[in-house]
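Notes follow once the structure below has been shown.
By written order: A, B, C and D. Residues from 1 in each chain.
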Amino acid sequence: MQIGMIGLGRMGANMAARLLKGQHQCVVFDHSQKKVEALSKQAVGASSLADFAKKLTKPRAIWMMIPGASVEQLILDLLPHLDPGDILIDGGNSHYADAVRRAKQLAAQKIHYIDCGTSGGVIGLERGYCLMIGGPAEAVKRLSPVFKTLAPGVGDIPRTAGRTISKGTSEEGYLHCGPSGSGHFVKMVHNGIEYGLMAAYAEGMDILAHANVGHREPSHDAETTPLGNPEEFQFDLDLSEIAEVWRRGSVIASWLLDLTAAALVKDPTLARFEGRVSDSGEGRWAIKAAIDQAVPVPVLSAALYSRFSSRGNAEFAEKLLSAMRFEFGGHEEKSDSK
Amino acid sequence: MQIGMIGLGRMGANMAARLLKGQHQCVVFDHSQKKVEALSKQAVGASSLADFAKKLTKPRAIWMMIPGASVEQLILDLLPHLDPGDILIDGGNSHYADAVRRAKQLAAQKIHYIDCGTSGGVIGLERGYCLMIGGPAEAVKRLSPVFKTLAPGVGDIPRTAGRTISKGTSEEGYLHCGPSGSGHFVKMVHNGIEYGLMAAYAEGMDILAHANVGHREPSHDAETTPLGNPEEFQFDLDLSEIAEVWRRGSVIASWLLDLTAAALVKDPTLARFEGRVSDSGEGRWAIKAAIDQAVPVPVLSAALYSRFSSRGNAEFAEKLLSAMRFEFGGHEEKSDSK
Amino acid sequence: MQIGMIGLGRMGANMAARLLKGQHQCVVFDHSQKKVEALSKQAVGASSLADFAKKLTKPRAIWMMIPGASVEQLILDLLPHLDPGDILIDGGNSHYADAVRRAKQLAAQKIHYIDCGTSGGVIGLERGYCLMIGGPAEAVKRLSPVFKTLAPGVGDIPRTAGRTISKGTSEEGYLHCGPSGSGHFVKMVHNGIEYGLMAAYAEGMDILAHANVGHREPSHDAETTPLGNPEEFQFDLDLSEIAEVWRRGSVIASWLLDLTAAALVKDPTLARFEGRVSDSGEGRWAIKAAIDQAVPVPVLSAALYSRFSSRGNAEFAEKLLSAMRFEFGGHEEKSDSK
Amino acid sequence: MQIGMIGLGRMGANMAARLLKGQHQCVVFDHSQKKVEALSKQAVGASSLADFAKKLTKPRAIWMMIPGASVEQLILDLLPHLDPGDILIDGGNSHYADAVRRAKQLAAQKIHYIDCGTSGGVIGLERGYCLMIGGPAEAVKRLSPVFKTLAPGVGDIPRTAGRTISKGTSEEGYLHCGPSGSGHFVKMVHNGIEYGLMAAYAEGMDILAHANVGHREPSHDAETTPLGNPEEFQFDLDLSEIAEVWRRGSVIASWLLDLTAAALVKDPTLARFEGRVSDSGEGRWAIKAAIDQAVPVPVLSAALYSRFSSRGNAEFAEKLLSAMRFEFGGHEEKSDSK
């Protein structure tokens, strides 16, 4: 079927490419005309939103793949060009409550709004994207061919024990989760989990990376905790090999572990990274939702806070701790302590 | 080759079965003669440790697959029956420092001690076990055929990008990590990560399970926090379908997610479980090691503490919190609050 | 001066009493006429909001001391009875953003809105309340006599080293923190800290309460972690005496510790408490604010989550952990494990 | 009475001074003769351990106030100079299990070993020290005059409601907690709590310090989470004044808050501190003990980990997180993000 794609960044461009490969027609638009031109051989490029809307057959299906902070404005800009029956899909990382609100507002103009959480990363072009979809059933159904192409399909992933064949599309990699907002709600939680998983591997690998601290020269002042058992920390481990062996038969095998192994093969010291870890918002929302629900999420929170700390955001708190220690014990900071 | 297996519980019996299928000879022993008899068609059963030792060709290779708390005694009991050149493998969950100590003690008697972390669970029989091995190179090499059979092998898992063919055995699912203790050290960290991963999924799923709390009747007393935005929590989600869709193409796909999907297919309410989560010690050791190293592991710790809490172990702390609240604010406990 | 007090619960009634003792005139109102009557000897009771407004001299000063969830409605109900120049104070636990919004809305009608965070608990009647005030300077100034009476005053608390005399009112126990919302913002953070402090004592006391676990009979199955060093946990400690000794000269002396000592004197086992710990919302808001700011708050979050867990809110997550363990390892739950 | 003091650092020298002021006789020793001389007007200085032992009347009472890592060697060096009936007190921060072991070993030579946890910091000289004492009752009793002098005494701290007069010495600021090791056990937990309290204040203050982040220019790329509600973060708060007001009548008043106020008066930006926070070991031990007990201590752990992170110890984990993000999403690090 025909679909319009707005936003040709890493994700949007790849998704358009996958749709084109799947024999769909694409009309594409981006603020950067360069990005539009890059796809212009297979897709129909648009020079403006007005042009974009004109090139799409009614009722239109428009997929927005842009930063969450820009969605509100885009909808306002698009609206004058839309008609009743059109479908608007937010495939990016917006807050799910925005989808609830927008769907209601647009429904008044008979425009269908779909929130679609999209996971897959840069490899999604080839492997397909996991799609978590919220919105009115009819519009979701109309877009089935698009979802089917974007998703990975059943592939060679073994069927879950106990599942019967008939139930829905989840085995194909896309799922209509429920009414408006539910797609982004599920994606939000997905990203919260992602942070937790990543941090679990990172912390574990950090223990392995320090398995040889017993070799260090000990300090004997009252400010440094002596390592009581240096003989227990004498291992020089090959983290790259360990990540690799865990990929086969272990309880902790996963796609993130595959990526960890790949990163460590390139450089076991990860020297090209500074360790300032961004977060794109969904992990924050997941935790705020949990707090609203009074559901304890210590692991997901710890994972998020590690990212905040990695960017130096705890600096004032840390200074205050040192200041208190100075006040009560006269302790001066040790700039070389570990 | 020939190998002796002591401990025919879930793990040991399956490993013996996999070795037998791989054309190895097994002499087996367990305190329960029933378990010995269950394997007696294909394996040579032993009626005592003395009998067990006699039935093994020298130099012996003996695999212990028993609870960590029983290893010390078993070694003491076995020792009189062993000879120089024998290899003793601890395939269970012992503390890695015990391996360091035991290897040194046994080396004095020319007995080789190998610590082998074993991951794989009950499906390992069929799929193979991920093996993390520590100990003297020569002994490890001698056991290669055994490790090769127990491990999953390369299988159809895609090669990690950037890896060259020649490097070691990790791609086959077993790895000589380093000197004595390093195998159990790596396994300890593996289990620490496992706890973190499990908790990340569990917390995320818990948020999904509470996506409909906006339906609840609100409380209006000063002891209960009102849900400020009930309209944002109106989703009745099918967790089983969500776990399923995440298995395909998402960033958080993993074997633990596969198991989650399987568990939720059987019963989305998980009613047969009480939620008292055991821990077998390695997660604790991982965190204690990290603390010795001064490496922050907030996620792994939070995961462990969730297990402790699930067993009611925070009870006194919780009572004290209520007691303080009563002291300063006259707050009485609300037994129905969530 | 004259002040109207709405809400005669534990906090409001005590504050009215303290104001009366301080020679202020009070007009009081509560939905329960019983509570109004209880104060009617010294205060002017009102039978309705209209009556309440009529009995106050213009420009009125009205202090609301009611649950946060009821403030919005009360303002709507009061509004018809108010006049330009009146001051409305929210002394309870509302979200600070509500104060920002309400102050702006009411300013349009020339009504001054003040958000006043109030700490002190039931002992505040005698000791005074710590007041954190946000709002327009003029209105705050007009209420100075009231704040002065409610606050504890300088008392015999030693002056902070390095402070000069002239700076503001903080030494008297009340502070104009800034524009509308800042009072409740500071109170929100105050309560977040309170949760953290309480949890720190509770966790520490829980370690002391378990100092004798080495006496327990050990388990020898693979599901229970053996206590490796039972000889190190043989202490039967008197928690009440320990809390008492810490009150004198230790780094951790505090008012919350005083309360802990008092609670433990009454009953060292705290048997009358179940351990279901409520939270009144401000701790949640503090963490959500920190997440918005990208400031890591692992301690405050952990403290909040402990309360959620104490109420059984992690149940589904815990069941899922047990379910995963069953799936991969065939582990059955142990209902008696600790 | 007469007491020998070994170790004249900040703590030891002050304690000797307090004892001298209390009319006790002190024999003092330190590796630095300068420090010995500094006290030589009021105390008897010793030039060596032999000289020190000779100058003490039998049975001797010797207080060691030195870094935990040096205690073992000091005992070995002292031992030849001691006699049956002598008392050795470890007033520093040793692991409590060392006290259990040492007390047993020294008892064989009829030397009494006492573990005394000492809290109070540099102000202890003036205010007195909180003492948590473990060891044999007779030896503890013999030292009562010393403990009484070092401790703050009842002072003007209000009696805990419900306490009867007769019970022990805790109200005077020292307590015989139980057998050998219990003093350091209680001190270990004390320090764990201390970390938690400090972190709670530090995190809360950090939220206050970021109350104006809404003024920052927002970013509009997919790597930075936009602040959804900048209008809610527009407060420029005076942290020094806030700390001050909390000292009076609030639930979170404490000595650590007094110190916080003092530090912020000196410099509200705390510019002289880098924020590298040391830890002296007892916090680590407290958490390890809790893990052995299977008691969840999320707050105390988070507090410790914040210190580890402040020293850059999570660096490898952070790099790995960035590396994973690059692998799955092509995300480059943003060096200026917050």
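Quick note on the criterion: a contact is a pair of C-beta atoms (placed from the backbone, for glycine too) under 8 Å apart; a residue touches a chain by one contact, two chains touch by 3 or more.
All of these numbers come straight from a predicted model, not from anything done at the bench.
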| request: Could you run down the chains that neighbour subunit A and subunit C together? | output: B, D
| message | By mean C-alpha position, what chain is farthest away from subunit D? | response | A
| field | Chain pair with the higher count of C-beta pairs in contact (B-D, A-B) | value | A-B
| message | Using mean CA coordinates as chain centres, what's the gap between subunit B and subunit C in Å? | response | 42
| field | Centre-of-Cα separation between subunit B and subunit A, whole angstrom | value | 28
| said: Counting only Cα atoms for the centres, state how far subunit B is from subunit D in Å. | reply: 37
| query | Mind pulling the subunit A residues that touch 2 or more other chains? | reply | 121, 199, 201, 203, 206, 210, 225, 228, 251, 255-256, 262, 279, 284, 292, 294-298, 301-302, 305-306, 309, 311, 313-314, 317, 328, 338
| note | Within the complex, subunit A is touched by subunit C residues 251, 279, 284, 287-288, 291-292, 294-298, 301-302, 304-306, 308-309, 311, 313-314, 317, 328
| What residues of subunit A sit close enough to touch subunit B in their complex? | 96-97, 100, 119-121, 124, 127-132, 151-158, 160-163, 167-175, 177-179, 181-182, 185-186, 189-190, 192-197, 199-201, 203-204, 206-208, 210-211, 213, 225, 227-229, 231-238, 241-242, 244-258, 261-262, 265-266, 286, 289-290, 292-303, 305-306, 338
| field | Contacting residues of subunit B [partner subunit C, same complex] | value | 9-10, 67-70, 93, 95, 121-123, 198-199, 201-203, 205-206, 209-210, 218, 220-226, 228, 255-256, 259-260, 262-264, 270, 273-281, 284, 298, 302, 306-307, 309-331, 333-335, 337-338
